[in-house]
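Note that chain A is present in both complexes that follow, paired respectively with chain B and with chain C.
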Partner chain A sequence: MSRPGVAPDPPINLEVDDEGTHREERKTGGNRSEVTMSASLAPECNEVKERYDSCFLKWYSEKYLRGKGTTDECANLFKDYKKCLTGALKERGIDKMLEEAREDHKENDAQHMRRGCKTLCGPFNSYMED
Partner chain B sequence: MVKFYETSYDYSYSFPAVTLAYFLRYPNPYSTHVLSTDVISRSIDEDGRLQTMRVHRKSSRLPSAVLKLLPKSVLGNVSGGRSESFILETSTIDVKEGWMKTESKNLDWTGILSVVERQEYRRQIAADEDDDLNVEKGTTGVTTTVMFKSRLGDRLRARAQRKGEAAAADAEEEPKKSFLASWSKSGIQRSIEAIASRKTESQMGHAKEGMTVVLERMRRGGLVGVLEGMRQDRALVYNPESSA
Partner chain C sequence: MKVFSNEESFDYSWEEVSTANWRKYCPWNDKSTHVIAVDTLSRSVDTTTGILRTERLITCKQSAPKWLASLMGGTDISQVFETSYVDPESKKVTMVSQNLTFANIINVRETVVYQPLSAARTQFKQEAQITALCGGWQKVKTAVEDATVTRFRENAVKGKEGFESVLEMSRRVFSEEKSRQNQSTEKMAL
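Moving on, here comes the complex of A and B:
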């Protein structure tokens, strides 16, 4: 009964007001999570991430999707976010995993059969050896 | 050994709306296992395509069937079968041609199982779409391919084979060797792939449900509606105590 269909829904409104979602955040006060969208893996980056996400969303829906977005208008905000995130990625060893993923991409699938398993076998070496 | 899974689906929403929902799909009520999402790079290439790389952190519970198959040495960071894993997601969007291609794969645990999910979204009814991004109009088709590859089996098999060759000279084979040999023969690799495949079928359903929730919120309340829904989901996912 709550399904639409009785009256046609209005066209979707994809506009974000100039202050993005931040205005509403202030209203809700501090005891809830301060961020609306997905969280960053590093809590200390949540704020810069949210600022960047809001900027991107606005640019994406209002410009890019309308064929007008040729430059990245959120580059400065992304720089701030990236600066914060880089340390967190390093701390958690994700930067290494990303590197491996890139190398893995280059590697041919057949290569995992290769014998000298220096990097690929990792933890299995010790297990198999004893 | 590689295992494939393929499925297709049509969203009755416009292509722009679907791409937006893709970026905004976490958190949603079906994604309580997704703990965080970060953009690690984003650029527009010379063809005007938007390329994005994101890292998602997911909490995963390894199926006990898989746990039983794994050596203890690889289970160091798993307690009670609970673990975290990182997923690398890359997406390319061509808004003029009306397609989006995505790839998601696990960054860790790759020694045990590599899962690569590729999706191709395509605008179906181009004529009905216009500048107001009306989600009422348009259909967006998506084809999902999931590929599993367990390297563990390969390694064990290769190792067991070599050991087996060496042991063939000895009359008496140590029990451990024969255990390993039979272990690999029994197809640990296939077992892991089969278990992952079963899990994936249900997870792919959840992924679709999640996207649909986000799209439906968009239909009803626009972007503000999506963000409001997210706020509620977020409270549930990230701090369950405070939302109680």
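Moving on, here comes the complex of A and C:
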């Protein structure tokens, strides 16, 4: 996924170490006031979420934005987080609400994913620039 | 229907802004405290376009005016569903979101776009369409829409301030990290 026009080394901010673990989290044992990621709606998922978020942020800034991010290296961590979250959403009855919203949002994909619909989506693509 | 729109600029590169945006609501942001949780539901990179598509669930806790709270069943927790698209080729982040909670009373659809203004400046554009759905009384609908627009305006100010501190902290931590790495490289060289 090499792209022309992508700056080779943009200034990127990171404070995740090489193991993908969060420095602050390690130091404080996961004290929410010390961590630098947002919380999960399910407190029991905070730990796996933090691990996934840190991994993603590192991948996003170091690989994806530099045109080297074709594979999702955090897939395994996401699986753990997702497993925890799915149960929590079900428990809270949010899963059904989500399904409906998800259907609604499929319309947005045509507009924002540029999937061979240049003529169809052309007029809509530019509405934010007006 | 009411429309709320807002435009801001940040003195940071698009790469910095789009990275920090993933943790806009972390504890470094002490202004947007109404956002209590952000969960990622799905994430994928489109193989043809390279666009990163993410679905998130955003949980807010915000006390509404008393009359509105009673209309909304007394709960102060609400949830928003967001789909975002990052196009690294054209350097554009687009985030589309809608309310999940109170969907029978009000429909809020928001679009946020981050695009570079220059190598060191990024533009933030926000537009929200707010439509009250509660039957019959126009007066009630208008009041609900107005209250929501007011809330958007308040949150927009806090959002800008809060995100500025996240950007600042991100840059500081990054440079600290970098100098530490340089130091250890120097030590190794000795």
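Here, the second predicted complex is superposed on the first by the 73 of 130 C-alpha atoms of A that agree within 3 Å, B and C clash if a C-alpha of one lies under 4 Å from a C-alpha of the other, contacts with A are read in each partner's own complex, and residues count from 1 in each chain.
We take it that a residue touches a chain if its C-beta (ideal position, glycine included) is under 8 Å from a C-beta of that chain, and two chains touch if they have at least 3 such contacts.
Note that the coordinates shown come from a computational prediction; the quantities given were computed from them, not determined experimentally.
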Touched partner set for A:L98, first chain B, second chain C, both or neither: both
Partner chain(s) touched by A:K49 [first = chain B, second = chain C, both, neither]: both
Contact residues common to both interfaces of chain A (with chain B and with chain C): 11-15, 32-33, 35-42, 45, 49, 52-53, 56-57, 60-61, 64-65, 67, 69-70, 72, 78, 81-82, 85, 89, 94, 97-98, 101, 104, 109, 112-113, 115, 128
Chain A-facing residues of chain C, complex: 13, 15-16, 18-20, 22-23, 25-28, 35-41, 43-53, 55, 57, 59, 79, 81, 83, 85-89, 94, 96, 98, 100-101, 103, 111, 113, 125, 127, 169-171, 173-174, 176-177
Footprint of chain B on chain A - complex, ascending: 4, 8-9, 11-16, 21, 31-33, 35-42, 45, 49, 52-53, 56-57, 60-61, 64-67, 69-72, 78, 81-82, 85, 89, 94, 97-98, 100-101, 104, 109, 112-113, 115, 117, 120-124, 126-128
Residue numbers on chain A that touch chain C, as the complex places them: 1, 3, 5-7, 10-15, 32-42, 45, 49, 52-53, 56-57, 60-61, 64-65, 67, 69-70, 72, 78, 81-82, 85, 89, 94, 97-98, 101-102, 104-105, 108-109, 112-115, 128
Residue numbers on chain B that touch chain A, as the complex places them: 2, 16-17, 19-20, 23-24, 26-27, 34-40, 42-44, 48, 50, 55, 57, 71-74, 76, 86, 88, 95-96, 105, 107-108, 110-111, 131-136, 149, 151-152, 154-156, 158-159, 180, 218-224, 227, 230-231, 234-235, 238-239, 242
